[in-house]
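Going in written order, the chains are labelled A, B, C and D, and every chain counts its residues from 1.
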Amino acid sequence: MATNAPTAMKKLINRVEDLVPESLAGLAAAHPDLVTIDAPNQVVLRAGGPRRGKVALISGGGSGHEPLHGGFVGLGMLDAACAGNVFTSPVPDQMEAATRAVDGGAGVLHIVKNYTGDVLNFQMAAELVAGEIEVSSVVTNDDVAVQDSLYTAGRRGVGVTVLLEKIAGAAAEAGASLVDVTATAVKVNANGRSMGLALTSCIVPAAGTPTFELGPDEVEVGIGIHGEPGRRREKLAPVDDMAEWLVSPIVSDLGLGRGDSVLAFVNGMGGTPLIELYTAFNSVARILGGQGISIGRSLVGSYITSLEMAGFSVTLLRLDDELVRLWDAPVHTPALRWGV
Amino acid sequence: MHDALTTWLRTAAARLHEEAAALTALDQAIGDGDHGINMDRGFGAIVAMLDGRPPLDGGLSEAAATADVVRAAGKTLISTVGGASGPLYGTAFLRAAAAVAADHPSSAAAFVAAIEAAATGIGALGKATTGEKTMLDAIVPAAVAARAALDAGGDTASVVRAAADAAEAGSDATIPMLATKGRASYLGERSIGHRDPGATSAALLLRTLADVTGSRPG
Amino acid sequence: MATNAPTAMKKLINRVEDLVPESLAGLAAAHPDLVTIDAPNQVVLRAGGPRRGKVALISGGGSGHEPLHGGFVGLGMLDAACAGNVFTSPVPDQMEAATRAVDGGAGVLHIVKNYTGDVLNFQMAAELVAGEIEVSSVVTNDDVAVQDSLYTAGRRGVGVTVLLEKIAGAAAEAGASLVDVTATAVKVNANGRSMGLALTSCIVPAAGTPTFELGPDEVEVGIGIHGEPGRRREKLAPVDDMAEWLVSPIVSDLGLGRGDSVLAFVNGMGGTPLIELYTAFNSVARILGGQGISIGRSLVGSYITSLEMAGFSVTLLRLDDELVRLWDAPVHTPALRWGV
Amino acid sequence: MHDALTTWLRTAAARLHEEAAALTALDQAIGDGDHGINMDRGFGAIVAMLDGRPPLDGGLSEAAATADVVRAAGKTLISTVGGASGPLYGTAFLRAAAAVAADHPSSAAAFVAAIEAAATGIGALGKATTGEKTMLDAIVPAAVAARAALDAGGDTASVVRAAADAAEAGSDATIPMLATKGRASYLGERSIGHRDPGATSAALLLRTLADVTGSRPG
């Protein structure tokens, strides 16, 4: 019996090379009040130009993770997002252009997911503006599926990136300095962990074939957001069990226990519908409840994806009053909006 | 040397285009399935860059002219490849350009210095060393072999051939390795048994260089 | 070459029969401030009980279309949503319970998608409360893939249902009478049309196999939201062409032309990621722009789905000042939120 | 009649459970793939309802007792099936219950009246008639055939057998039909060549009734 992993590429695209620019154009056409596009540089910019005196937040990475990052540009979140080709980090020129475009004199924070390519390209971009614009960087590395050891490139940056962009964005909107916004960002990364699994692979448009093959009853556990194979394969199991596979390592890594309050983020990988994500959230809530960990805030939806991959990830962020206040602060972007 | 390297870049672009799918397949196994696409895009941009370059300024020394085109190629890679390989190969080219700009007793010596500089540049930027299942496992042995061939009195063709042979052997050697750098490291034990895409593209670049320099005066 | 239509069922579920109740429980756990669940009746209720003097809006239908309808319960939209089994309309008892639970004395509007099952079950529910609660019904039938003739059960209710629930909900929140809210709802239905296509089938959990088979290069055009096969099959084409297949019949059916302003809604069927939906929106915007039809408002995302089906639908709603004002009015539900 | 119908409901539940996948497959072809699931759920609920019913009140007449259980079954279907078939079959049972409650010269006459009432009820609620590729294409011919058998002096067993035979023929006859009601109508021409799920379940119900009434005194 075949698996439902995509083996033939069926996508809503014109030419493969047009996917990213046309998708960005569509984003701008749907949200002209929120964003504008620097097409040559494939940068999504917050409408209205740089905010004088406000710390600017920039992120970016390979495309294929939508709404991350372009969908998070707007009030209370990012000032710019640099879109690379699918699963390929953007180049330094893009981050340089974005940094120059959004600088309001208070400095720029680069939010970088921990992948060698992203780190190196953002690093080169920072060098290109060194001495002209004050830049600080935070690297997210929340994926507990990867050991943070000398034997790896370090934990990957995944779900926490979404929460960090929202929370650090709120701090910047409130007028915090670059040092303080950076400190808040570091705090979010330090208190958040994630893990994900895939029910199907995804197809990189330029490759045209699935990145990995999965049997009809197989699940890839510990995947990243680039269709990288995970750490191990398991048989398909009830969602209660699969949620346990993801929640347990996070809870122990964060040392969460009775009385702690968390933001619970159940994220879809792109091809999993909401009826299943809420079912997964129900499992996660049951597991956390059983351990006396309370869900202070929650987020359920497909916010950091791997193209059409089916599956989900769980991110838990330990909350305190400051983080709750910043999370609740107004945000107005294509993908996240409240309080305005 | 300038003309040889220009020919090399164009030939390498053609070969990378042919090999793109194969390189991407290697990257699908232990990475994210874009290495061939990335290299093809980068070298395609180099060809466009070469096509757009003004004719060589006669005033320039051979070394300066060579350094110039290699530097331009490096900048092009940094600006068009992205991913890990863009900054790494781009830096390798920039370092190599600086190396060839210096005086060298022979063109063979210049080639050796360039390959050594490339290897050092990648290692420094990527904070990696040999045995981690990366492009370094092809380039570092290539630099060592080239130096040895030069010390043994080899000419350009022979030092570059030595480099290409060592790079291919080094690429083969990545198959049993456990990756500890780059995306493949996320797989842990599961990275064993697969050839590293970057080491493969590095060997392809050096083999192409050997073919080009072997067939025409360096 | 195999297709990427799912042939093996891989879902985030426990037992098939637990999917709907557990998904509803997850919705409530994620949004305790917005909704509560009447579990025995599988009804999602707006938190805080009935609103005195406000016309109450109820919708419902088979599950598998999430966030429709439960995700649209809250301020400015629905007061209750009745969840049937997957793709099976709820039973009269559910609508009766919901109607009794939300009535605030100003009457209740039943929003029904035009399917024989939905129409009959809502009709029976209305009879069960006749004489006790004032109920009026609006039946959405916006799918131009079906001819509205004696030879069919009539056009299906699809994308317009989402827009109608938002706009009629805003009218009710503003204090309009049952007659006026109903008139607004009828106006939305009369001015909106939709059409969709599928790149893959979906798998009804209790069936366990795809509802239809599609070749690796085939597209099912004119599908509904229940995995019903469409009107015709086409070869996979560039999204510009596929968007044209959907937009043209809508534009001609609505008689749209130069100078008209529309709300353009590009909807994902459940398994199609945002990068593709924005690309499709870009195509739709280009087509409409070429005809001098302006996009006054837009909505892009997966709001009325068919489980994990890949594909998209386009809905166009002719706008006037009243509809724009009601669309822009504050809404606060799990799936749609702005102005608050 | 009461006991025969109770046995019928339990036997039908068992057969619908066996046939659920087949009925769903028919609905996948021209509908939304849930008819077997819906019928199985509804008749499963009827069995649970029967299990939970207090023992027959001896004071009730046979006709009243029969009407009672048929009405309860109809209400159960309306409350548990959903979709189009829930209200349609549910209404059919409620109308049939009303019909059997009335006085009839014979139990055969009561069966005929019940089947006719069911057909009329479905047609009225669904605003449909024969030839539209629905359950009516099984039930209407069944009612006609049952009436003819009764007029020919047939007993319960023979009128119900006539109904079952006609229903099966009617179900076969839906295959070449173009659907103009229900989900199948969305397919237009593409609905031709497929058997209607509802007509199939209706034939199954009547065949089961024939088996039950044929084997034991009605």
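We adopt the following convention: a residue touches a chain if its C-beta (ideal position, glycine included) is under 8 Å from a C-beta of that chain, and two chains touch if they have at least 3 such contacts.
If you're wondering where the values come from, they're calculated on a predicted model, not measured in any experiment.
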{"item": "Taking each chain's C-alpha mean as its centre, the one farthest from chain C", "value": "B"}
{"item": "Cα-centroid distance, chain A relative to chain B, in whole angstrom", "value": "33"}
{"item": "Separation of chain B from chain C, taking each centre as the mean of its C-alpha atoms, in whole Å", "value": "55"}
{"item": "CA centroid of chain A to CA centroid of chain C, Å", "value": "28"}
{"item": "Centroid spacing, where centroids are CA-atom means, of chain B and chain D in whole angstrom", "value": "77"}
{"item": "Pairwise touch network: line, ring, star, complete, or other", "value": "line"}
{"item": "Touching pairs - complete list by chain label", "value": "A-B, A-C, C-D"}
{"item": "Residues of chain C touching chain D in the complex", "value": "62, 84-93, 115-117, 120-121, 123-124, 145-147, 150-153, 156, 204, 206-207, 209, 211-212, 224, 226-229, 231"}
{"item": "Chain C contact footprint on chain A (complex, rising order)", "value": "1-15, 19-20, 22-27, 29-31, 63-64, 66-67, 71, 199-200, 203, 216-217, 219, 236, 238-240, 242, 266, 270-283, 285, 295, 298, 300, 302, 305, 307-308, 310, 312, 335, 337-340"}
{"item": "Chain D - residues contacting chain C, complex", "value": "24, 28-34, 37-38, 41, 78-88, 125-126, 178, 180-183, 185-188, 190"}
